[in-house]
Each structure stands twice: as structure tokens, then as C-alpha cells.
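Below you will find the structure I want to go over with you.
Just so it is clear, A, B, C and D label the chains in written order, and each chain counts residues from 1 on its own.
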Amino acid sequence: MPREPAGPGPIADPRLRILALVVLAFGFSALTDPRALALMVVLTVALAWRFGLPPAVLARRLRWPGVVVCGLVILLPLLSGETVLVRLGPLSVRAEGLEAALGIALRFLCIVAAAAALLAPVPLPRLVAALRALGLPALMADMALLMLRHIEELRQGLSRMRVAMRLRGAPTGFWSGQFRGIGWALASLLLRSHAQSERIYHAMILRGHGAAEAAPERFRASPGDWSALAVLVAAGTGLLVLEHML
Amino acid sequence: MTFRNVSLLAVEGLAVGHGGGPPVLSGIEFRIAPGERIGLVGPNGAGKTTLLLALTGVLPAAAGGIRLDGRLLALNGFTPEIALVFQQAHDQLFCPTVAEDVAFGARNVGLGGAALDRAVAAALQAVGIASLADRPIHHLSGGEQRLACLAGVLVMSPRILLLDEPSGALDLRNRRRLIELLRGLAQAMLIASHDLELVLELCPRVMLIDDGGIVADGPAAAVLGDAALMAAHGQEIPHSLTRHVGEGHRHPVAGPTARPGKAAVAGA
Amino acid sequence: MTFRNVSLLAVEGLAVGHGGGPPVLSGIEFRIAPGERIGLVGPNGAGKTTLLLALTGVLPAAAGGIRLDGRLLALNGFTPEIALVFQQAHDQLFCPTVAEDVAFGARNVGLGGAALDRAVAAALQAVGIASLADRPIHHLSGGEQRLACLAGVLVMSPRILLLDEPSGALDLRNRRRLIELLRGLAQAMLIASHDLELVLELCPRVMLIDDGGIVADGPAAAVLGDAALMAAHGQEIPHSLTRHVGEGHRHPVAGPTARPGKAAVAGA
Amino acid sequence: MHIPDGILPLSLTVAGLAAAAGVTAVSLWRIKARPDPRADVPRAALMTAVFFVASLVHIPVPPTSVHLMLSGLMGMLLGWFAMPAILIGLFFQAVMFGHGGLTTLGVNGVIFGLPALAAFGFLCLVRGQGGPACHAVTAFAAGAGAVMLAVALFTAVLLAGLPAHLDAATERRAILALALAHLPLAVVEGLVVAAVLGFLRRVSPELLRAA
């Protein structure tokens, strides 16, 4: 089957995208020195530009974890450290805490941006296949693919069931005993899925599942992919070395 | 006391879609009189289910509104007068046993104690599954599940029943039984179905929807018997309206399969 | 080269049930000739799905056996000659995209590389959904899903197709398209359906099952047109076999709803 | 309770990854010891999908709304499949919504996985004892307990990973505040889990034994 490239950017092979991301993300997470952090930001901006990361994609990924990070970034300067910079009434902003908070915010932003730039364009099933090729156990890869396949269907099933509850007057609000209703809807969905999974297993056997060791999907990395990976790995390790030398 | 020109439900210039997308239906305009039974037909993805959901007030209207007895329906309010029986029975049944599932709605319209028990028993009796009261929902056959759904909404004494594909997956015996049951109910009904024979048996009036609006609304025999209209919207005339002489099985309209190169895309 | 008395599949005294329970069907005995199309009708819970599953070898036989070309079928073995299209399309499609789902079976019959790609493309072409190859499975309409299921089994070049309720949830346009498609295939087929008009159009021979066995097996018009037999097993004669004169909608047999006090219990 | 990227030092994220990999290896080894490990994959995958979807449901808890965590329930229904299932779920949450993080996948896996396995062990211990009321109480305890255990692990990891300028009193206050903030979630989750298990026990007890 013809395969479209994994997305914009110099790496087409999703396996190499994952490897590059692992090196960069773990490398970034070890940086604390302000100069290393500055270089990290420069590298991330270059990466986002080169891989064509749309700002909307990044913004969507920042929403969830952003809450936790924002909480820390606001609290840390007030709670942590001795050197008081500014007093705001009963609160005082301290240097060590501020530094730690800035580090956290920058590392968080850069890792999320790098992950979004490298992985967001790769379709999820392809990502799972790439992980399988990198050594993810077959059992987990199969689970992941089957699960992906059913998420949308189940989401619609659950929302239809909740509409059905509301149409028959299920009260909303905290103290309405609706937990039992939610639990029952969830249990119904589980029962249904259990029966369905049996039929799916039959469908798989009927089309030869396990009859032959199906060949895992092949990936081909071009020389260009490898050189781009080498550049990114060198940049990531370079930052780590810099952090330790400074 | 039922006057045809007294409308129970009035839909006025309604436009409705899913989750902020473009409207699936627009400019929908019709009235339902008390006790009236209307068939709703149209191809896969025409918006039959969408229309029924909109009438219950679950989907926000992009334009227009729905009036019940002249009062405007509130979004996401609870309107026990309008009841929906879902296309898939298992989406509607979520309690462990039949009796509990029927009691769920009854409790929410304010019944309790002995009155609750009486109402549940009466509803089960009405659809003829009194003997299944204590059976777990998941051990029922398809036909029984659909009857349980019906009992679960009848117990709230609705004035309008919205039925989505009521005969789907039923065998002919269960289908016939369902038809007899529906024929015996006094409520107004809107029945969405691909089963045109069922529509023909139950509904004096039929609405055909396609291309985001109502394309025909009139007496059942006139709408369903109009070969040109039906063919234009991917339907076939029901067998019982064609003049068959038992000499085989010829279909009156070749239908859109005659157009070459068109895949079976409908719902998109 | 197709002789009616050369049997492709022979079922001999088969009894089969679910998970160690009592057999749902027993004493099943019939033969299918190459290229023959047989309809399988019967009420909800009669065991149509069970029989089709048994024929593929995923359900253990309590007695008897199934022979393909004279060889006995092994339990849970892989027999690409016999292909089943499930009642619920979404149970059968488990890969992320249409092309991958079709390739799944092809890979397991030993295809690979360019031959695999060619076989997948040919199968998609045959059912007319070549343009949907890279679409995710859950973005397909019901009709398209069923065509994808069919492509997924056709790619393994089966000699017998088992179809479970192929027209369920399809609108008339998609149903008509499916009928034309099936009519054009050379494989032998066993089609379980409540849609008697479809059975009548496709199958010269019909088997009626009920009460745990085959109660009738013969030419379609004879079996489906036998009012007494059909009524006794909760069926109705299809409209196209009754001599209608378009004067309304009367059903020829009152059916078992005439028996009082009998709930719509069928599947149990 | 997902820990995002960028907060924890390298040593902790790598240790978390190693721990998660270890627990997963043990789980896979136990699964492979079954007569037909493949037969359970569709079931485990589908149930995982149910949990993934259910964890996106908002429940109003004044003044905000919470998401179910459900790791206790996963442990009780999936058994040894819980850990691989949780890792897969976390990976997709991170990749699809940015919920959690990629470097913290291992740490988060431990935070959610250990309570799941603890609930599984708890269920094995008390299996089949007492009447319906007793069952409801154990189910509530398992559901709510799993949440509290996860909160404890979350807090411990966070405090270990933050810069060491915090004094002991601040740490104690932070732990207390976090525990109190999650109390409503624990109660909600306990109630939902009790309802799910009560339903399954009445309607389909074999599902509870399947794990």
C-alpha cells in the first residue's frame, strides 16, 4: 500500500521520530543551567519551525497539563527558598523558587512542543506499529490497536446512554445519587463490550489470526532520516554535556 | 375531543446539527396533532435520528424552535410529555433488571411507594412483558428489549412517542406484535423507519426527509406510492403498494444503482 | 462444471450449542453445491447465527460433523474456503483502516509484498469501495462498513460465503446495491435474514429453521409461499408472493399474535 | 493527578520508567502463563477502551468537576492486564490530549498501576465473603482506597522531585491540602465503583471471576 509521509519535516520514518523525541525529551528534562535552558528554547523553536508545528496543535496539548504546571509555577516562588526578592503584603517572592518555577515552565513547554512537533502528524495506528518495531511486546501492541479501534464507538455509546438517562429525568447535580446511574451505565457498557469482544475474537480467528506469524509492518528509513536523527541526537546530548561542563 | 387543527407539537423553522458543526437539517416546519401517527422516512444519514433527538430538546437548535402546547421547549430540560425510544435498545436500558429500568423514569416524574409499583406493573402489563419484570436486561432477546424500552417511557405517561427504527432486528412475529401494540396506543407518534410496510400499516401521514429538509409531507399512500419522488431520494415503493401478480420478484424502480460509478456512500 | 449433486459442503447430523449448554440445534443435515445460493430463515433465537458460526468451525459440535470437499472440518482451524460476514459489521472490522483490515486476512493466506497490495486493491474494487481504502473504519456509514466486511473475506478467495443478516440497518438504496453485488458473485452462499424479499431475490433454495432443527428445505417460492408452514413458525409470506391489488395493506396471515397471552418471547 | 513533563529530574523519570517496565514484565509473564493468552487480548483491549472513555466523563463536584480515575476498578476487572492497560491508556492520553507526559509515562504508570494491582490483590483476599451490603462496602473501600493510594504516590513523587528548598512544615501542609482536595474524588469514585460491581455481581458474576 502506498504510504503517505508521516508529516512535514526532515524525518519520514516514525521509528526515528520516536527515538529523536526520547533523546530530546529526557535530555531537556535534565537541564537546569540558565544558559542551557536558553539553548534548549532556541533548539525547540528551530525544531517546531522545521517540522511545521501548527500553534493550534501546541495550544491544545498545553491545556490539560497546563493546570498542574501553572499551579506549581505560581506556588513555588512563594513557598520555596530564602532570598526574598519582593514582598506583596503577607506573601514574599523568593529567588530560588522563582528560578525553579521558570525552569519547570521552560522545560515543560519545550518538551510538549518537541513531542507535538515530532509525533502529532503521525497517525496513531502507525505510531503503535513503530513502537512495535522498536520492541514493544506484541501483546501490548495488539491491545493498543484494538483499543484505538473502539474508542470512538464506545464514546458515542456512552454519550447516547447518558442522553437516555437524561431524557427519563435523571437529575443532574452533585447530591442527586447520580453516581449509581453513572456506575450502571458504565457496567452496561462493560457487559456489552465483553460480549462484543468474544465476537471480535471469533472474527479474528476466522481470518487466520495466529495461523501464521504475521509479518510486522516494515519501515524504511532513508539516509536523510538518519542524518536528521543524528543532528537531533547530537543537539540533545550536546545540551547535556554543556549542562555538566558549566 | 381531538381536532386535527389543534396542534400538540409545532416545529417552527428548526435548524439543527451535531456539536457545532453545520446544520444537518434546516428549515424544518411541521405540526403534530394529538393522537396523530406520522411516518418519517429517508435514506441512511438523512437526519431522522437527529430530528427525533432535536424534538426531545437534547440537541441545541441553531435556528427556530419547538412548541409543545404553545410553550417553547427549553434546551436540556426534562419534558416527560415527549418520549424517545432509541434506535439501539441497549443504549436505552441501563438498570440491572427490567422492573428497575421501568421504575427509573417513573421515579423521576415523582412517583414513589405503592403508586410507583402500580405504575411499573401497569406499564409492563401494557406491553405484555409482566412476566419478565425481574429478568436482567442483558438476558433479554432483541424483541423483549425493545418492549422494555417502550414500557420504560410509557410509564411516564408521555403525550408524544418518538420511535427510531422500531422494527430493526426483529423477526416477523415480534414485528407484528409491536405493530399491534403501537396501533393500540392513543399517543401521538413519530416513527422513523426504513421498514416502509410498517410505516404504511401504522401511519396515515408520512414525511420524507433528505438533503437537509423535508422533501414531502402528505398522506402515506400518496408519498410512498410516488415512484418518481421515491426514486429521486433513493427509496423504493413498498411492495404492498405495487400491483404485483405473484409472477416473481421484480422491483418497480431500478433505483439509483442504475447510476454507474456511485459507491454506496450515504451517511458519509 | 457445476453439478448439483457434487456437494461442496456436507453437514451430517450436526448438533451445536453455546459454551457447554444444551444444544441450540440438533440433527442438522444438508448439502451445499458449488455456486448454490441458499436462504436461511427463522424467528429470532432460532439459531441462524449459531448455525453459521458452527459451519466455520469456531463452535464445537456436540455431535455430527461438517465436511468440506469430503474432508472433516477441524475445530478452531483456519479454513479460508469458508468465510463469514457477521450480523454486526463493527464486530468484524478490527483494524484501523479499511485497507489494513482487508489486508489482515490476505496476509494470513500467505500473500505478501506486491501480491498483497494487488489482492487488496482488487477486493476493494470488486465491492466498489476502492476510494475508501485509507479511511478509518469508524468513519464509514453502515452500508460502507458492510461492504468493507465483504471485501475483507473476498480477499481470501473463499468458496462459500456465509452472510448473517446482510441487509440489517441498510436503507433501500444500499440494500439494492448489496443485492446486485451478491448476485454477481460466483461463490456458494448461505444467507440468514429476516428480509424475506431479499432472500426471495437472491436464493433459489430456502431452509426454514425453528425448534432446534430444519423444518423445511426446498425451492424458495414453495417454502416462503406456504402460508400454513410460515404461520406455524411465526413468519409471514413476503408481500411479493401474495396477490395484492394495491387496495390497501392487508397482511395475509394474522400470525401468532392471534394467540392470546403469549408474550413476544423468542430468543429467551 | 497526571504529572506533566518538565517537573521531575531525570533520575526520577528514569527510575519510574524502570519500575513500570518491571511491573509490566511481571504482568506479561503472568498473562503468558495462561493456556491461551491471546484469547484474552480482545477482552482486555475493549475493557481498556471503556476505561479510557469513562475517564473522560465529567462529574460535577462543587465548585469544579472531576474526572473518574478508575484504576481500582481496572485492577479488579482486568487483573494482571491492568498494568499494560494503564500504560497504553496513559500513552494515548499523553499523545492525543497532552494529558500527563511522555518522560513521566513510567512515573504516572506506577502512580496509577500500583493502586490497581493493590485493588486486585484486595479483591482476591476478600473474594466471595459476606452479603450484598458487605460487598458494597468492600467495593467502595477498594475504589476510594485506590484513589487515596494514588494521591499518596503522586504527592510523594512530586515532593521528591521538587527543588529541595521546601521546609518540612510546608511539605506537611502541601500533603494535607492535596489529600483534602482529592477526598471528594475518592468518595465519588468509591460510589461509582460500588455501583458498577453491584450491577455486575447481580447480572453477570462470571465477569468478576474472569480476572
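Before moving on, here are some points about what is shown:
Throughout what follows, a residue touches a chain if its C-beta (ideal position, glycine included) is under 8 Å from a C-beta of that chain, and two chains touch if they have at least 3 such contacts.
Note that the structure is a prediction, hence the values are computed from the model and not measured.
Among the inter-chain contacts, the highest number of C-beta pairs connects A-D.
Measuring from the averaged C-alpha position of chain A to that of chain C gives a distance of 43 Å.
Centre-to-centre, using mean CA coordinates, chain A is 18 Å away from chain D.
Centres computed as Cα averages put chain B at a distance of 28 Å from chain C.
Residue positions 96, 137-138 of chain B each touch two or more of the other chains. Annotation for chain A: residues 124, 145-146, 148, 181, 184, 188, 191, 196, 200, 204, 209 touch two or more other chains. Looking at chain D, one finds that residues 42, 199, 203-204 touch two or more other chains. Interface note: chains touch in the pairs A-B, A-C, A-D, B-C, B-D.
Put simply, chain B touches chain C in their complex at residues 42-45, 128-129, 131-132, 140-144, 147, 165, 168-174, 176-178, 180, 194, 196-197, 200-201, 234-236, 238-246, 248-249, 251, 255-257, 263-268. Those residues of chain A that touch chain C in the shared complex are 1, 123-125, 145-146, 148-149, 152-153, 196, 199-200, 202-209, 211-212, 214-215.
If you check the complex, the residues on chain A that touch chain D are 21, 25-26, 28-30, 60-65, 68-69, 72, 76, 79-82, 94, 96-97, 100, 104-112, 115-116, 119, 124, 127, 137, 139-140, 142-148, 150-151, 154-155, 158, 172-174, 179-184, 186-191, 193-194, 196-198, 200-201, 204, 209-210. Listed in rising order, the residues of chain D touching chain A in the complex are 2-10, 13-14, 24, 28, 31-32, 37-39, 41-50, 52-54, 56-57, 59-62, 77, 81, 84-85, 87-89, 91-92, 94-103, 162-163, 165-166, 170, 174, 188, 191-196, 198-200, 203-204, 207. By the touch criterion stated above, chain B contacts chain A in their complex at residues 53, 56, 58, 76, 78, 80, 83-84, 86, 88, 90-96, 104-105, 108-109, 137-138, 152-153, 156.
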